[in-house]
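Paired with subunit B in one complex and with subunit C in the other, subunit A is shared by the two complexes that follow.
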Partner chain A sequence: MAAVGIHAIQKSFGSTDVLKSIDLAIEDGEFMTLVGPSGCGKSTLLRIIAGLEAQDAGSISIGGKAVDDRRPSARNLAMVFQSYALYPHLTVGQNIAVPLRMRNLSMTERLPLVGRLSPKAAGKKVEIDRQVRRVAEQLDIAHLLDRKPKQLSGGQRQRVAVGRAMVRDPNVFLMDEPLSNLDAKLRVHMRTEIADLHRSLGTTFIYVTHDQAEAMTMSSRIAVMMEGDLIQVAPPAEVYDDPADIRVAEFIGSPKINILSGIVTNQGTVGCNGVEIGIQPDCPAGAEVKLGVRPEKLEIAGPAPGRLTAEIRHLENLGPDMLVHLRMRDEADPIVARCPAENLRTARVGDQVGLVFSPGDVLVFDGTTGLRQPSRFAVPAPEKIHA
Partner chain B sequence: MRYGTSTKLGSIAKHAVLALGAVFILAPFVQMISTSLKSSQDIAQGGLNLIPREWAAVENYSQALNATPLLQYMLNGVIVTVCIFAMQVLIALPCAYALAKLRWRGRSTVFALVLMCLLIPPHAVAIPVYILLFKMGILDTYASLILPFIISVFGIFLMRQFFMTVPDDLIDAARMDGMSEFAIVWRVMAPTAVPALVAFGIFSVIAHWNDYFWPLIVLSSEELYTPPLGIATFRTAEVGYVFGPLMAAATMVIAPLVIAFLFAQRRFIEGITLTGMK
Partner chain C sequence: MPSSDTMTFGSAMPAVSVHRKRRSLAAHATAYALSAPALFLMGLLLIGPVLVVLMMSFTDYSLGNASFEWVGLANYAEMLEDDVFVKAIGNTLLYVGIVVPASVFLGLGTAMLIESLTFGRAFWRAVYFLPVMATLMAMAIVWEFMLNARFGMISQLLTLLGLPAKNWLQETSTALPMLMVIGIWQALGFNMVLFMAGLTSIPRDLYEALELDGGSSSWSRFWTVTWPLLSPVTLFVVVITAIRSFQVFDPVHVLTKGGPNNASMVLIYQLYQEGFDFFRSAYAAGLTVVFLVFIFAITWVKSRVMEKNVHY
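Right, the complex of A and B next:
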């Protein structure tokens, strides 16, 4: 158990800056998820924490001590890899035992024949077997201990990899996209299991993923990375409701947030597609802004003057909800609304409909920098604008 | 149904071609075994009788074993080929690992040099190596048979190609588990590379078991002779070739190779195909 400090970490491969001075403090026992699109540097950061990659500048501390000159094994971290990385020639039991054998047995004690001669080694081996069995039982893989990895399913391999990480009782668990090789159903199931594991072990977890759903469902805090920068570090709800940057807003949430372009009017409100929207961002008149509205905040209504209108292009029935794909004139990107299915019994593809949303649900971003702009409601704030 | 017949015809044709090739390759071996069972009169009569008209199996094989210390030659062959292969593995595996999985300046240049070395025929360097061994004073010893071959460029290349297919994650996992780079080579890479090692082993053992050229150059004492040199001693100035015992000796010399190959056949093919992938 330990806190992890990441101080001004920089890394470049050739002329590409993969990490541009990353600072992040991960608390003891926290489930921190590094999330971002592929190539954002999240895996590189994890490998630097693990000691598998050397940083160009900056420092990593674990439990308050700098570990930059320590080998990966000396940092007492455990890592679960995307491909599980089980030793194919060893059985499940031997795979799980490897970290303990490497740590607790001397080089001579590990030798196949010579090792048998030492009575001390025998005792240690019994202890190792006991721990392997304990971990295997905890993960429900005790019946697989004599199998080879080749004979296991993806989910079982995943558990063995977790077992190999758990057995050494590490300070920190590092997980590099551990679920991305599993099928969709198992992935959802393993999300719960990993979150459970975190709760029961109470150890610090650092989890890397490109899947925002995994980040949202498991983490205590999410660190969103883009292009080698850390853009926002916050609990899942805050990242979703209060994104600091348009890239965060677009990355987190599925279906993706709807982005509309607008221009700040002389009254300080925002004009969008010829309709005035009742919010006042802290921007000068004439400034370009982007408005973000989550799909579940959009309502479909009849077309009316002064209301944003769009054409239904496609309807996706999810059972309780309906995803309505809309095309708005002058907007390049399609708009998606998520509405209760019963409200849309009569909707047909090709219908012209109006869009209704509350100004409180609109996120305003700067049109050029993409940064979030604080904004007020136009006075008097209507409960619902029918813009 | 037309489709069915045409594929059937196709597969008959394929098998016919393969069978023809097999006959072509196997014919000399069959001839060798057949001759090793015949008396010298029978051999002298000529003709294509595979079953001997006059059996002389016991005479030929016992003469092969008694006229020359054939077992001694075969033991020499075993010592030399096993030592060569063991040393080749000892050197090739770490080299291949460094070339496939470690990042260092000049790696691609070194690999290009390795590839270039594949092009050098062994005979081209025979004289410098001979002079080197002479200066070291180890001509006419086991060492002179073994040392020139302990660095196998082909082995380095083959193992490097195989190691390229081993996922990096596996190596990182081993590092996290506390293995040193050498431990990774011997405890992780070597066990996963068994098919490739078997393929390499067969190439290496066959090449050095059958090598006639190099032992002929460096050896003068008969007690160090390897099997091919041993077979050559059946050619005597007075009698010319004594075919029966000669073929019996040849049969005994290649028997271990054939048996070993049959045992390792599946692994061998795995090794070749694996290195061809990716």
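Right, the complex of A and C next:
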């Protein structure tokens, strides 16, 4: 177990800056998820932590000690690869045993024939077998120990890769998109298992994914990366409710947050599609802003003056909820509202409806920089109008 | 009612099965008819010649004779008495036994060295592949020139170092080893290219996983990842090199003619001499059968090993 410090890490491949000075402190025992779209540099950062890639500048520390000049094998980390990287010629048991054999047996003790002559090696090998069995039982793969990776399903291979990582006591677990090769159902199941594993081991986990749902469901904290920058580091709920940047707001959450364009009025409130929204951002009059409203915060009501109106384009029934796809005049992007299905019995595609939301649920972003703008409610705070 | 049902069912059965049999016969006939041309050509061009050679080896036929007699196993019995044949078999096995491991391991070593380079890979690849592209007949003349006792560059180099120059290809003790050197020189480039293809197909993340698992020495990288993952390529390379080594002919023909005193006589060269210099076609056919037995043996071993060990 150890804390991991990332200090001013820079990396470029040719003329592209993949990481632009990343600083991140990961606490001991934390489940930290690096999340971002593909090409944001998250995997490169993980590989730099592992030592598989050298940084151009900056420093990595594990357990308070700088490890920049240490080889990956000397950093005492375990990694689960996206491809699982199982040795195809070894059985499941032998695969899980590799880290112990490499670390606990000398080169001669590992030789197939010579190794048998040493009585000390025999004792060590019994201990290795015991450890392998313990891990296999913990992961429910004990019955597969004699199989080759080729004979396993994707989920079983994933467990073997996890087993190989946890068989010794690493300082930190690194996971590089470990669930991306699994089918959707298994992926949801493995999310729970990996979270459980983290709880039971208590070791620091650094987990890379492009799937915001994985990040939200498993992490203690999420680090959102975009284009080589670290944009926000916070617990999942905070990243969702209080995003620091419009890109974070758009990346986290499904369906995506609704973005409306507005202009700050002379009264300090925001005008949007000819309607005044009762919120006062810290922006000068005439400034362009973007308003973000989560789909579940939008309600559908009858059209009325002073209310944003839109046309229903499509209704998606999810059972308890309904996703309402709407098109607003003068807005390029469609709007999505998530409402309880019983409120929408009479709604039909083509209906003109009004949109209702509380100003408290509106996130205001700068129109040009995309940064979050602090805002107050206009006085008096307008009542929420129900349909 | 149930009895009548059973009746109908029971009486219908044979009719159906006869019908099926007829249909399957018809289907089989069509299948045989459609594959007949291919089977005929395969028999004529691939299996037929082998059978003809096998039959010929039981006769006393000589090229140009109007008739022949069946002599049973006489040709094979003669082989056992034939000093040249015994020498040729011994030399061929020795040649294969040296050239195969040497060219396989040197090929692997060269491939790994070239793959580890950061630049100049294409150049070195071309250099080592040159002997493969040049015909061995032409390159044999180059070797003859290089090994010439008076003006060959190897002899000159040795003289320069104060060592005695030899007529390498004309001496009993060095003729066969020289042919082996040429054989290794030629096979190395081909094996290297095959190993290079094998090396590039090993997933990089296996080396990375091993590095994190604690195997950071090049020794453990080789034994844990490279060698086991190359085993299908290695098996293929060994088999191909073995078969090609059994077939060694061109350098023998150009450089030594099997001499001096049969010191460099090999199976295929003896076969050539018996068949085309002495016109003893039946005896040559017997030698061909012996050669084919070796090739079949290699192929059989290969498929057995393949089934057991080297598939993932």
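Methods note: the second predicted complex is superposed on the first by the 383 of 387 C-alpha atoms of A that agree within 3 Å, B and C clash if a C-alpha of one lies under 4 Å from a C-alpha of the other, contacts with A are read in each partner's own complex, and residues count from 1 in each chain.
Criterion: a residue touches a chain if its C-beta (ideal position, glycine included) is under 8 Å from a C-beta of that chain, and two chains touch if they have at least 3 such contacts.
Since the structure is predicted, the reported quantities are computational estimates derived from the model, not experimental observations.
With subunit A as the common reference, the superposed partners subunit B and subunit C clash.
Once chain A of one complex is fitted onto chain A of the other, the partner contacts of A:Leu52 extend to both subunit B and subunit C. Look at A:Arg157: by the touch rule set out above, it reaches neither subunit B nor subunit C. Of the two partner chains, subunit B and subunit C are each touched by A:Ser83. Shared-chain residue A:Arg103: touches subunit B and subunit C both.
In the superposition on chain A, contact is made by A:Ser73 with both subunit B and subunit C. Legend: residue contacts after superposition of the two complexes on their common chain; A:Arg372 is shown touching neither subunit B nor subunit C.
Applying the stated contact rule after C-alpha superposition, one finds that A:Lys148 touches subunit C and leaves subunit B untouched. On subunit A, the surface touched by subunit B in one complex and the surface touched by subunit C in the other have residues 50, 52, 71-73, 77-79, 81, 83, 85, 87-89, 98-99, 102-103, 164 in common. Chain contact summary for the complex, subunit A toward subunit C: residues 50-52, 71-74, 77-79, 81, 83, 85, 87-90, 98-99, 102-103, 107, 110, 148-150, 164. Residues 167, 169-170, 172-179, 188, 191-192, 194 of subunit B are the ones that touch subunit A when the two sit in their complex. Listing the residues of subunit C that touch subunit A in their complex gives 203, 205-206, 208-217, 219-220, 223-225, 228-229, 231, 312. Within the complex, the subunit A residues that touch subunit B are 47, 50, 52, 71-73, 77-79, 81-89, 98-99, 102-103, 164.
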